[in-house]
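Naming follows writing order (A, B, C, D, E and F), and every chain is counted from residue 1.
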Amino acid sequence: MSEVVKKFLYVNRKAPYGTIYALEALEVVLIGAAFDQDVSMAFLDDGVFQLVKDQNTKEIGVKNFSPTFRALGDYEVTKLYVEAESLAERGLTEDDLQEIVYEDEDDDWAEKPSIRIVSRDEMAAVMADQDVILSF
Amino acid sequence: MSEVVKKFLYVNRKAPYGTIYALEALEVVLIGAAFDQDVSMAFLDDGVFQLVKDQNTKEIGVKNFSPTFRALGDYEVTKLYVEAESLAERGLTEDDLQEIVYEDEDDDWAEKPSIRIVSRDEMAAVMADQDVILSF
Amino acid sequence: MKFGIVVSEGPYTHQASDTAYHFAKAALEAGHEVPRVFFYHDGVNVGTRLSVPPQDERNIQANWTALGKAHGIDLVICIAAAQRRGLLDENEASRQGKDANNIAEGFRISGLGQLIEMGIQTDRLMTFGD
Amino acid sequence: MKFGIVVSEGPYTHQASDTAYHFAKAALEAGHEVPRVFFYHDGVNVGTRLSVPPQDERNIQANWTALGKAHGIDLVICIAAAQRRGLLDENEASRQGKDANNIAEGFRISGLGQLIEMGIQTDRLMTFGD
Amino acid sequence: MSTLHTVNKSPFSTQTLLSCLSHAQDGDAVLMIEDGVYGAAKGTGVADAVAAKAGKVSIYVLQGDMAARGIDAARLIDGISAVDYAGFVRLAAEHDRAQAWL
Amino acid sequence: MSTLHTVNKSPFSTQTLLSCLSHAQDGDAVLMIEDGVYGAAKGTGVADAVAAKAGKVSIYVLQGDMAARGIDAARLIDGISAVDYAGFVRLAAEHDRAQAWL
């Protein structure tokens, strides 16, 4: 595809299921993976709810798309930044989130965590380091 | 039409123009006037912005529907409750709102104000006194 | 008891039309009546027959059409909201000089008066929106 | 400079598609390029030819069609978002076994790859949504 | 005479829940649905405001929406009860009117 | 290297403006558009938070959206400037990237 490599950040600030943005953001990320760009995802504000484990959508009749996050590593999407302050305000810790890992090809395919808990200031720095920011 | 007279309250909590809810709420109120029910409108939270005077939508290319509020009296919609606390938080006073009046047929067609500034507790009491609440 | 239901948001984008559907179904199962559902604002988009949701997702339009048919629910799409958003039946399409229509089976297009009438004639009016 | 534009909300319901239109127009007037506008989420509904806005209101679809034509803008509707919401062209309608289509002149339906490509090939990506 | 209030927005994103709680009358019921269910969990930035109102109004949360969002019943603020869609219908029937805080 | 942030929500309804301001870097610009313009007025419940940031980031408000909502230029917080759509385009071109706070 393209020779250009840009830094793409997908910013997720909304909760899943109440609106479709979280699901349709994930669809963009999966398609975008084919373009060999430098991809990161940011989860802040209500976006951190997308990663909460044990989601069960049976009663509301809507597809549970949360397992898809665990497949991101296979698409070489391995940087999922999650804001600590957003978690804390929502009464959540890292233990409440799904475990999401990837195999690092530069380190003998060692399994490593994709989720990186960062402070608000660190999140701001991640945002300021991008070429293209897609907001959902 | 119907013999039944119910108390209908139209609750407006959203600002105009950013979304269509304020305009489409007004369309319901105008149609509803033909049904001879006991109609009130509530403006609270960002809904109070709908009544601000001197709206000029020329540059954004969207129709300015704020003059329609002044026609409500002709449709016998004469009770526009506006929450004082919502105004204060937004730096507004009654003087920032349009003047909206109606002619009181029970008082020799004397011109009277349709806007009634009420406290949050009074607004809650208005809400609790209704048969049908339509939210926008 | 008679429940009137207002759906104010479009399908898939917001959960409102799903919640309204589950509420209507539960009300009917409990022996209540749901004489009419009124689709307003983006809710009118629930009534398009042209949607093709992914195979592993619910079909919101088909769910409403089936529920309406099974229980004789009057599924009314607001004409003013529908015109802005491009939801037409055959009659409206011909009246507006449009070459196609997209309304789904079981839905009909009518005026806002149907919403007020629903408020008058039902015991409870429930709104699902954003 | 090249601007890529994303429109994420439907017409009339949110102001996003209006703001995007005014931004695109101003960018072109300032001598910039707008090679593509990508309609995603409810933004796909901007591209229906079946809408009939009130006569004293702007026609959002017609505005985009005209701007696109005048400046050769590629107006792309996301296929995945469009399928869920019932926005089809002739090809998609036949592929999905639907008896009608509703896409407006000047718009085309394509994949999400067009959004990523726009991000790569333009200097600034602007998103208008809710 | 009492009201069933429904709230469908996250209390961390919008002011909707707080506005609802400040208008609910003693004896009313508040039902959290859709993204509104996040307001029912313990230990959050809004939990104190919710708990303070829980004595005066009855607060419920919709079971299916809770489960979808991974909120375990053990995490509910004391005094908040989960209901299913049938329970939602019962609440709507028991109260004299419904008010949706959109 | 700097960012143009756009905010299109009322700061009285949602947390969007506050979240944007807490992530904007010194030297960035924040442009209030659509319902976001309400954040530019003096004397409101959020004006202090906005004014406190106005020294570190440049804050702008979209003229057409202000006028539509009846906000007079005299009511703007000190240091906030109004721009038209052409000014919006200039801001987008001058900064290295745009981030929409939706």
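Here are a few things to note about the model shown:
By definition in this document, a contact is a pair of C-beta atoms (placed from the backbone, for glycine too) under 8 Å apart; a residue touches a chain by one contact, two chains touch by 3 or more.
Keep in mind it's a predicted model, so treat the numbers as computed, not measured.
Of all chains in the assembly, those touching chain C and also chain F are A, B, D, E. In summary, the pair chain E and chain F forms a contact in which both copies contribute largely the same residue numbers, shared numbers making up over half of all those used.
Interface comparison, B-F versus A-C: the higher count of C-beta contacts falls to B-F. Work out the mean CA point of chain B and of chain D, and you get 35 Å between them.
A separation of 27 Å divides the Cα centre of chain B from that of chain C. Per-chain CA centroids place chain E at a distance of 33 Å from chain F. Multi-chain contact residues of chain B, defined as those touching 2 or more other chains: 17-20, 45, 60, 62, 132-133, 135.
The residues of chain E that reach two or more other chains are 8, 12-13, 15, 34-35, 64, 84-85, 97-98, 100, 102, listed in rising order.
Among the residues of chain D, those in touch with two or more other chains are 12-13, 15, 19, 22, 41, 54, 57, 125, 127, 129-130. Chains touching one another, given as pairs, are A-C, A-D, A-E, A-F, B-C, B-D, B-E, B-F, C-D, C-E, D-F, E-F.
Residues 1-3, 15, 19, 22-25, 28, 97-102 of chain F are the ones that touch chain A when the two sit in their complex. Taken in their complex, chain A has these residues touching chain F: 11, 13, 44-45, 120, 123-125, 127-128, 130-133, 135-136.
Residue ranges of chain B in contact with chain C, taken from their complex: 2, 4, 6, 8, 20-21, 24, 27-28, 31-32, 34-35, 37, 132-135. Taken in their complex, chain C has these residues touching chain E: 1, 3, 8, 15-16, 19, 22-23, 25-27, 29-30, 32, 124-130.
Touching chain B in their complex are the following residues of chain D: 12-15, 18-19, 22, 54, 56-58, 130.
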